[in-house]
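You will see subunit A twice below: alongside subunit B first, and alongside subunit C after that.
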Partner chain A sequence: MHERLSFYIKRDSPLHRLNPLTKLTLIFGLILPAFLVPFYWTPHLLLIVVVFPLAFLGRVQREYFAASARLILPVAGFLFVMQALFIPGGETVLAKAWFLTLTKESLMFAFANAMRIMVMVSSFTLFMLTTHPSELMSDLTQRGLPGQFAYVIIATLQIIPQMQAKANTIIAAQRSRGLDTESSFARRIRALVPLVGPLVFGSLVEVEERAIAIEARGFTSSRPKTSLREIVDRPLDKGLRWFLLFVMLAALLSRIWFS
Partner chain B sequence: MPIVKLHQVTYHYPLTQTPALQAIDLEIEEGEFVAIIGQNGAGKSTLCYTLAGFIPHFYKGELQGLVEVDGVSAQDSNLSDWVMKVGLVFQNPFNQISGAKYTVFEEVAFGLENSGVPRPEIIRRVEEVLQLTGIADLADRSPYSLSGGQQQRVALASILVMQPKVLVLDEPTSQMDPIGTREVFSVIRKMAEQGMTVVMAEHKMEWIAQFADRVIALWEGKILLEGKPHQVLTDERLLEKGFGVSRYTTTARLAIPRKLWQPERPLPVTLEEAVAGFSARLHSNAPEGQP
Partner chain C sequence: MKLFDSIKKDFNTMTWVLIPVAIAINVVMGQIVVVLRLPVYLDSIGTMLVAALCGPWAGALTGTLSNIIWGLAIDPNAFPWWPVAFFIGLVTGICANAGLFKTIWKVVISGFLVALTAAIVSTPIAVYLYGGITASGSSFITAYLLQTGRGVIEAVFSTNFLVEPIDKISTALLAFAIIQGLSMRFVARFPRPQNIEIQEGGGRTQLWIALVVVVVLILIAAFVLVRILAPSG
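Let's turn to the complex of A and B:
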């Protein structure tokens, strides 16, 4: 559990080799058209024609489809059912039961929305599977993002498994003193207090030592920072980014134009 | 010329009345290995933080007197320049991991990235220091997946890679098991042999006796004793003030009235010295005519 702190899958693929910023632009180059272009089948087409092939191009199709099945589909599915049943309006009634009405219009609207969510979450998933967090941060720092900002993001990503481990230790310690964490719901809620307290205050105390540790490595040095990772930014990346920018702009314009 | 110079240093933590350090005078020569002993609250950590620049730059409070390293006074310097000269390693190995890096190699490189060292030199220096600290085989592991002793060697490597002139260690092995302790001390010994100036606060007397050129005993923020390791570590006054003493010293002290230790022989601090002393006594005691 502690060995793997990110979703990143180390592989060699054209998608892995892209500059992190290009991939970041790609996310928005997919999301904006999916939400903005007024043509009904846009999100569906994007998913099948762009997102799925990208998963194969990045050689992470197995992990991507596994994540989709576990995480993305349930969310999109839930949204689809709720919207299909509760969005008012629509003339073509397909089915009616008690106070619920299913119309063709609400069904289509819900389906498109579910697809938009699929495109959005999928593009983020692909990004995280093919981009190492340090690589993204090194690249953004070199482009002028303040080091403190990058540190906060990376440290937050890393802190979750640490907090989990610490929480487990505290739970074990409090249970060995007789804290009841396994009976009724009300008792479990009450048991949270002696668990959360040490976790939060313990973490606050640790912050001071952590601050000393990174200061001891010259974190606040005013000298320009360098990076261990060499981040390539090929002409292909620059070209792609311009293209994606154009796509986003086109999506925005199409929205303004046709509505 | 001494590389570290403290003159009449007194320090109060914010909102406290009693000084944590009181009129400390200390000079450390280049390449010297100085050990600091003392009970909890005696000022060991405070002294370490002062040498490492975290007092007065990180902890506020009131610092009086002169703190000078390599001819520059702490008050005239800023923390990020100071840490390039004086490296600090402290107790808890877990909290010394930057939390921003995914592998040991990157973790060790963090300080060099911050100080703007070019990439080829970073790689060369990190590889070198990983060899030196004996953790080259851990380079691709996550720093969080390591044992305490391994993590502490990563912390040590992360500081050594910055090539400080003075290495300050605040009880670097207090949270280690015996194996972790040996791993960490073997690295420190190597650094000392290469001529690095080392200041170490430590409880483990036997290790101090083997390493240190000089021992300083702190008591209530003042220097109580100072001198050669054996002279300080076997001093009667340590007992009076309730310092921890090596069990070999205690054993020999108890043995003197029982005529099991020759009183003219200096008291031992390490196992080897105790063994040597007791066997010398045994042999001198051996009845005539026997080999």
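Let's turn to the complex of A and C:
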């Protein structure tokens, strides 16, 4: 059996116990203020005062910082350097070299922007570290999301690792027959056909069997379906969601008022 | 209600089962391309496949979920780009309904239209969310255009317009080649088999033609890039 593909870390923490929908609202309650509130310090403060403590509250700080170092920091760093150097504008020139000019304004703009991206990607990462995909899907189906959507997401998370394994097998098999996947550009392009063909056609053949199998299990039936797990929705969750909705609205209003 | 009914008809069980496989094809192809170190993404082959076989809305859904799952499972940086994937699926489906997925030259036109849409949709995301320069390698072109004194929106759009056609036309051709390799009996089980014409025994030849066109496109792009990035003077 293959592992299901996800970031999820199984722990017991206040963040894990929150309802998935609440955590989904939390993501947007962080992203919207970071992008909308027109004060320079907003994204920085959000990251330090809200996102980092949340990682500790969810007891996933080690995984969160590891993921940040691997996924978020390189992107944010790249953005920062590129934007600081290449976004035109600004009067206070700090440094000048060759055709590049570094101004105070572009530096500040680039830093705030990198921080916004950090907040955005961090909140998604935190969500995925503390929420199991099937928990999210069960909850959303109980709230009225059609079961087909839940099927698509969960099935995909299972199919991708299987397909990756299949792709690795095919690459290894074709290499052992002498397929060249490493030399010149033209050869690498030609290697695409013997790799893609078996992979794609093999996967498409299974589609029909799957369709028959799930149809036999009442996939298209419109009767209400029961769920194996009940997801709790506490009053705390409801309160938090209203609070976050208020925060998002306030962010939107501050944008309209101050600019 | 007529529109709603026609959308509903596009989502039969085969569609719902094809979508996860298509998303997996998107993801795994994206990774094979990285292994082979090719300068394209090719990460929407599955989306175009669904759009051609099951109509624009199924394609749009595949694209959107594809980005969500990419973000969920592999790289959270993929989330903000879901509208681009949505429109790639939608426009491919509309093209396919208009009969633009039947012969190889029409597929090139579809690919170009999709690329144009993708360039238009991704520009505001790049400008307003990322401030113009994004994390992809093509940002170096944007940065260069910014230095030559062009506006942010113009620079981002020109970059996208330069990069997208090669990727999207290649993707459309590969999706077409895959469809050519399927049997008519299999295609007939999907909601829109009339979008597709299969020439008997053409699968392999089509795939080769598609690849040759892809190589030529990449070479043209490389040439254009060198010309643009060369110091003017």
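What we mean here is this: the second predicted complex is superposed on the first by the 256 of 259 C-alpha atoms of A that agree within 3 Å, B and C clash if a C-alpha of one lies under 4 Å from a C-alpha of the other, contacts with A are read in each partner's own complex, and residues count from 1 in each chain.
We take it that a residue touches a chain if its C-beta (ideal position, glycine included) is under 8 Å from a C-beta of that chain, and two chains touch if they have at least 3 such contacts.
Being a predicted model, the structure only gives us computed values, none of them experimental.
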Touching partner for A:206 - first (subunit B), second (subunit C), both, neither: both
Touched partner set for A:215, first subunit B, second subunit C, both or neither: both
First, second, both or neither for A:86, with subunit B first and subunit C second: second
Touched partner set for A:181, first subunit B, second subunit C, both or neither: second
Touching partner for A:133 - first (subunit B), second (subunit C), both, neither: both
Partner contacting more residues of subunit A (subunit B vs subunit C): C
Contacts of A:164 with subunit B and subunit C, given as first, second, both or neither: second
Partner chain in contact with A:6 - subunit B first, subunit C second, else both or neither: both
Partner chain(s) touched by A:190 [first = subunit B, second = subunit C, both, neither]: second
Subunit B versus subunit C as contact partner of A:148, first or second or both or neither: second
Those residues of subunit A which subunit B touches in one complex and subunit C touches in the other: 5-6, 133, 151, 155, 159, 162, 206, 210-211, 214-215, 219-220
Subunit A-touching residues of subunit C, taken from the complex the two chains share: 11, 13-14, 16-21, 23-25, 27-29, 31-32, 35-38, 45, 65, 68-69, 71-77, 79-80, 129-135, 139, 142-143, 146-147, 149, 152, 174, 178, 181-182, 186, 189, 207-208, 211, 214-215
Touching residues (chain side subunit A, partner subunit B) in the complex: 2-6, 132-134, 137, 147, 150-151, 154-155, 158-159, 161-162, 206, 209-230
Residues on subunit A engaged by subunit C in the complex (per definition of touch): 5-7, 35, 71-72, 75, 78-79, 82-83, 85-88, 99, 109-110, 113, 117, 120-121, 124-125, 128, 133, 148-149, 151-153, 155-157, 159-160, 162-164, 167, 171, 181, 186, 188-193, 195-197, 199-201, 203-204, 206-208, 210-211, 214-215, 219-220
Contacting residues of subunit B [partner subunit A, same complex]: 52, 54, 58, 79-81, 83-84, 87-88, 90, 92, 95-102, 105-106, 109-119, 122-123, 126, 141-142, 144-145, 155, 158-159, 162
